[in-house]
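Please go over the structures that come below.
The two complexes that follow have chain A in common; it is paired with chain B in the first and with chain C in the second.
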Partner chain A sequence: MKHSYLDRYSNLNSPIHRADPRLKILVALFFVLSILLTNSGNLLEFALYGLIIASLVIISRIPPLFILKRSLMIIPFIVLISLFLLFDRTGLSAEYSGKVLFRGIVIKSYLAIVMLTLLSSTSTFPSLLQGLQRLKISKVFILLLSFMYRYIFILVDEAMRITRGKRSREFGAGKWRQIKSTASLIGILFIRTYERGERVYSAMCSRGFDGTIRTLNTIRLRMAEILVGFALVTIIILVKIFTHSHAL
Partner chain B sequence: MHIPDGFLDPKTTLLCYGISAGWIAIALKRTKGRLGEKTVPLMGVMGAFIFAAQMFNFPIAGGTSGHLLGGFLAALLLGVWEGSTVMAAVVLIQCLVFQDGGLLALGANLLNIAILGAISGLWIVKLSLLRNPSKKLFLLACGAGAWLSVVIPAAACAGELGLSGIAPWKTTLVAMTGIHALIGVVEAIITILIIAVIKKIRPDLLRMSSDKA
Partner chain C sequence: MHYEPCIEVRNLSFSYPDGTEALRNISLEIGKGEKVAIVGPNGSGKSTLLLHFNGILRGKGEVRILGKVINKANLKEIRREVGLVFQEPDDQLFSPTVFEDVAFAPLNQDLSAEEVKIRVKQALQGVGLPCYENRSSHHLSYGEKKRVSIATVLSYDPEILALDEPTSNTDPKNRRRLINLLKGLAKTIVIATHDLDLVLDVCPRCMIINQGAIRANGKTEELLTNSHLLEANDLELPLSLSRLLKIKNR
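Up next, the complex of A and B:
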């Protein structure tokens, strides 16, 4: 498999990795929300949030360089927005200049994406799904997601194999021919996938599948974790209150 | 086109979450009623297919390359409700595993990419089917549908940014739809070619979805 980068650090062992996925999802949501609700000019608040996230990264034992690399993904969007702000500033908030507003957006989206990277690299996808299911997300949807996740690797592998074969066969071919052959490969991959889906379904039926999947319940909310989560939320709220009275 | 966190204000975030959650709840109910438990494994595998299809790169002018987005293709092959549900699962995995699009912006991304991406193009194909189209006309309608399935979500994305007061309405709208009008042409060409292949080998798969839709 050439996509081990997917779940690369989610099997490490740290307090954050071990924590209940429900708790992680809720705290992450709360944190991102409070980042979003920060005034664009309040640099002190941003700095304190950055400090909290940085300490979480250290606790999680995920290489900071990895987080740094993943978080660069928002760059294209930032460029896009800055282009808009360059051309036309009508209808924008009068409270801040375009520069402060832009700086605020960049910091917010950066902090949020680091938080999200942290969430996804400290939890395996199945555990996130278990968490979502306990948070009352529709069971059918969770089932759909777990199927999808299982087959992504198989199909992406197949797609990579097909691409490699195609490249070695049509070295130097014209652009149009390349486009056409890639499209027909996707079409064929679809048909194969569809037929695979039907086979999977009949295999499941013959093993007694009745629409629900029963799994062991491995997540358990421990009191200590609840306290830590609660403490984190309290710290975030305190940062908000403190920086509002000491705005830079 | 995945919006990261920090670009949408709370009002827009909440609005998009509301619409998306409502739509997906209805879609899940409809797909469950129609095909029973058989849909879930099939839809799951199809979602993985959309992921894999996005891995193929197509050479475009001057060294750049693009890939399929697949919202329209999913809707055409599976039906509107199933297609948008599958795309919603794709968007959720992109967010939670690949950090493509933010946690709070997820509602908006679901609305744009999964819902609007699936529903904005299919009506043209349905319209063309009423007139018992030739193969050429059917493929043309598919191309138009695929084009719309890229351009309309882009316009919605611009609208959401405008509603959040992040970027000015008009410029964003013009720029976003302008860029995506070109990306849409690529999507249309790829989609037409893919559908032509499926139509040649397993035409029954296409017929099934158009009956359902």
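Up next, the complex of A and C:
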């Protein structure tokens, strides 16, 4: 079975795609932070951030519709979580009503998600991992992520195969029996995954794995990229200063 | 070339934790440069035996690799000499990209970055997949995965290759490629399989194993033409031979 790429469009060729993953991670992180630290009522600031992100999307040559679709997926969750703010009467904050807070949270999370979608679509997953590693994130954590990337679709395939096998034989069974067999299906998936883990570990040991993870560094930071990253951070800071002095 | 023992197994027995006796008192010897097949039906103990060649499993008895008895202290050294390729390529290939998988063992040997890159390139060239470095493993076809799996051990140049069902689930074209690849490798090769036509093509010697014990050991041409022996061990004549017989008997 074929699956959509986890990091679709990550192999395009644009200045953003070519940039060092470390730089991208750091700038994206800084951007997300400054989005989160925005006053919920400051619509001008949000709009300017949106503008910056939109221009980044255009530079990256990724179809904007794709970014839009991917990022919209998060909205239901955010709305669900922050819905109660709309009905707030006691006043969570002295300055803003629940409505403003709700709007602020939705906008913030949306902008942050678009930023992260952009990050994950302009870098291949392995290069992001390498970036994280060079940023001194724990190797165990990176190994965990890399196994996830490698095996998530295999797991999905396996689950799909088991479900198919179940469906083709469960005709005639009552609803309760079907539910019960779903439970054992989950159990079987767990056992298979566990056994695969053992086999993979054997395969690693066979090739000399001794507990330390060694990787080759293939990324190099170019001066021009540093300057661009620096410029971007400066723009974000300027936006913050500008909108604060012109607070609505 | 004078004979030099490469793999020696004496009175090896192994039971899985659930009590299944997988190997019963196995003794065998494989010489340097030999290409030997271990043939048997499903569940006969072929894969279990392979896992003993590099100490992943350790049963009762003695396994010597290049004259050295496998023990805890020399596991690393032993595994350096035995390249084990698992049947399921999704177990063998566990890294995000092909490069990282093929480079895994050379990196574990602390080779220099330049050397690792050269090794990876050569290994991929060896299996006929040059320039596959940056592909991600889960987008490869099954046949490609099987070949990359072999590259992951070629990259550290072990003396012995132990392959578990190298041709299983592959289409005729990929199967032929794999067979030609195995034929061309100048290494000691042990293949666990029930693809008897592969054995006829690649291995001059074979062993028949059933229910954890070795039932026959000898020249492939003799063993695999003996239909009584094969049927007694839940196997049958290789397809190519049975066709030939049919034509003869017409």
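Everything that follows uses one rule, which is that the second predicted complex is superposed on the first by the 231 of 248 C-alpha atoms of A that agree within 3 Å, B and C clash if a C-alpha of one lies under 4 Å from a C-alpha of the other, contacts with A are read in each partner's own complex, and residues count from 1 in each chain.
Just so it is clear, a contact is a pair of C-beta atoms (placed from the backbone, for glycine too) under 8 Å apart; a residue touches a chain by one contact, two chains touch by 3 or more.
Computed from a predicted structure; not experimentally measured.
Upon superposition of the two complexes on chain A, no clash is found between chain B and chain C, which fit side by side. Residue by residue along chain A, chain B and chain C are tallied for touches, and B comes out ahead. Once the two complexes are overlaid on the shared chain, A:S146 sits against chain B and chain C alike.
With both structures placed on the common chain, the touch criterion links A:G208 to chain C but leaves chain B unconnected.
In the superposition on chain A, A:R70 makes contact with chain B only, not with chain C. When the shared chain is aligned, chain C comes close enough to touch A:P126, but chain B does not.
By the touch criterion defined above, A:V228 lies against neither chain B nor chain C after alignment on the C-alpha atoms of chain A. By the touch criterion defined above, A:I154 reaches both chain B and chain C. Look at A:K108: by the touch rule set out above, it reaches chain B but stays clear of chain C. In the overlay built on the shared chain, the residue A:V100 is in contact with neither chain B nor chain C.
Between chain B and chain C, the minimal CA-CA distance in the chain A superposition rounds to 9 Å.
In the superposition on chain A, the residues of chain A touched by chain B in one structure and by chain C in the other are 125, 146-147, 149-151, 154, 196, 200, 204, 209-210. Residue ranges on chain C touching chain A, taken from their complex, read 51, 54, 56, 76, 79-80, 82-84, 86, 88, 90-97, 100, 103-105, 107-110, 113, 116-117, 136-139, 152-153, 156.
Residues 3, 5, 124-126, 129, 146-147, 149-151, 153-154, 196, 199-200, 202-210, 214-217 of chain A touch chain C in their complex. Within the complex formed with chain A, the residues of chain B that make contact are 3-10, 13, 24-25, 28, 31-32, 36-38, 40-49, 51-53, 55-59, 68, 77, 85-86, 88-90, 92-93, 95-100, 102-104, 161-162, 165-172, 175, 189-190, 193-198, 201-202, 205. Looking at the complex, you find that chain A touches chain B at residues 6-7, 28-29, 32-33, 35-37, 70-71, 73-74, 77, 80-81, 83-85, 87-93, 101, 105-113, 115-117, 119-120, 125, 128, 138, 140-141, 143-152, 154-156, 158-160, 163, 175, 178-180, 182-191, 193-194, 196-198, 200-201, 204, 209-211.
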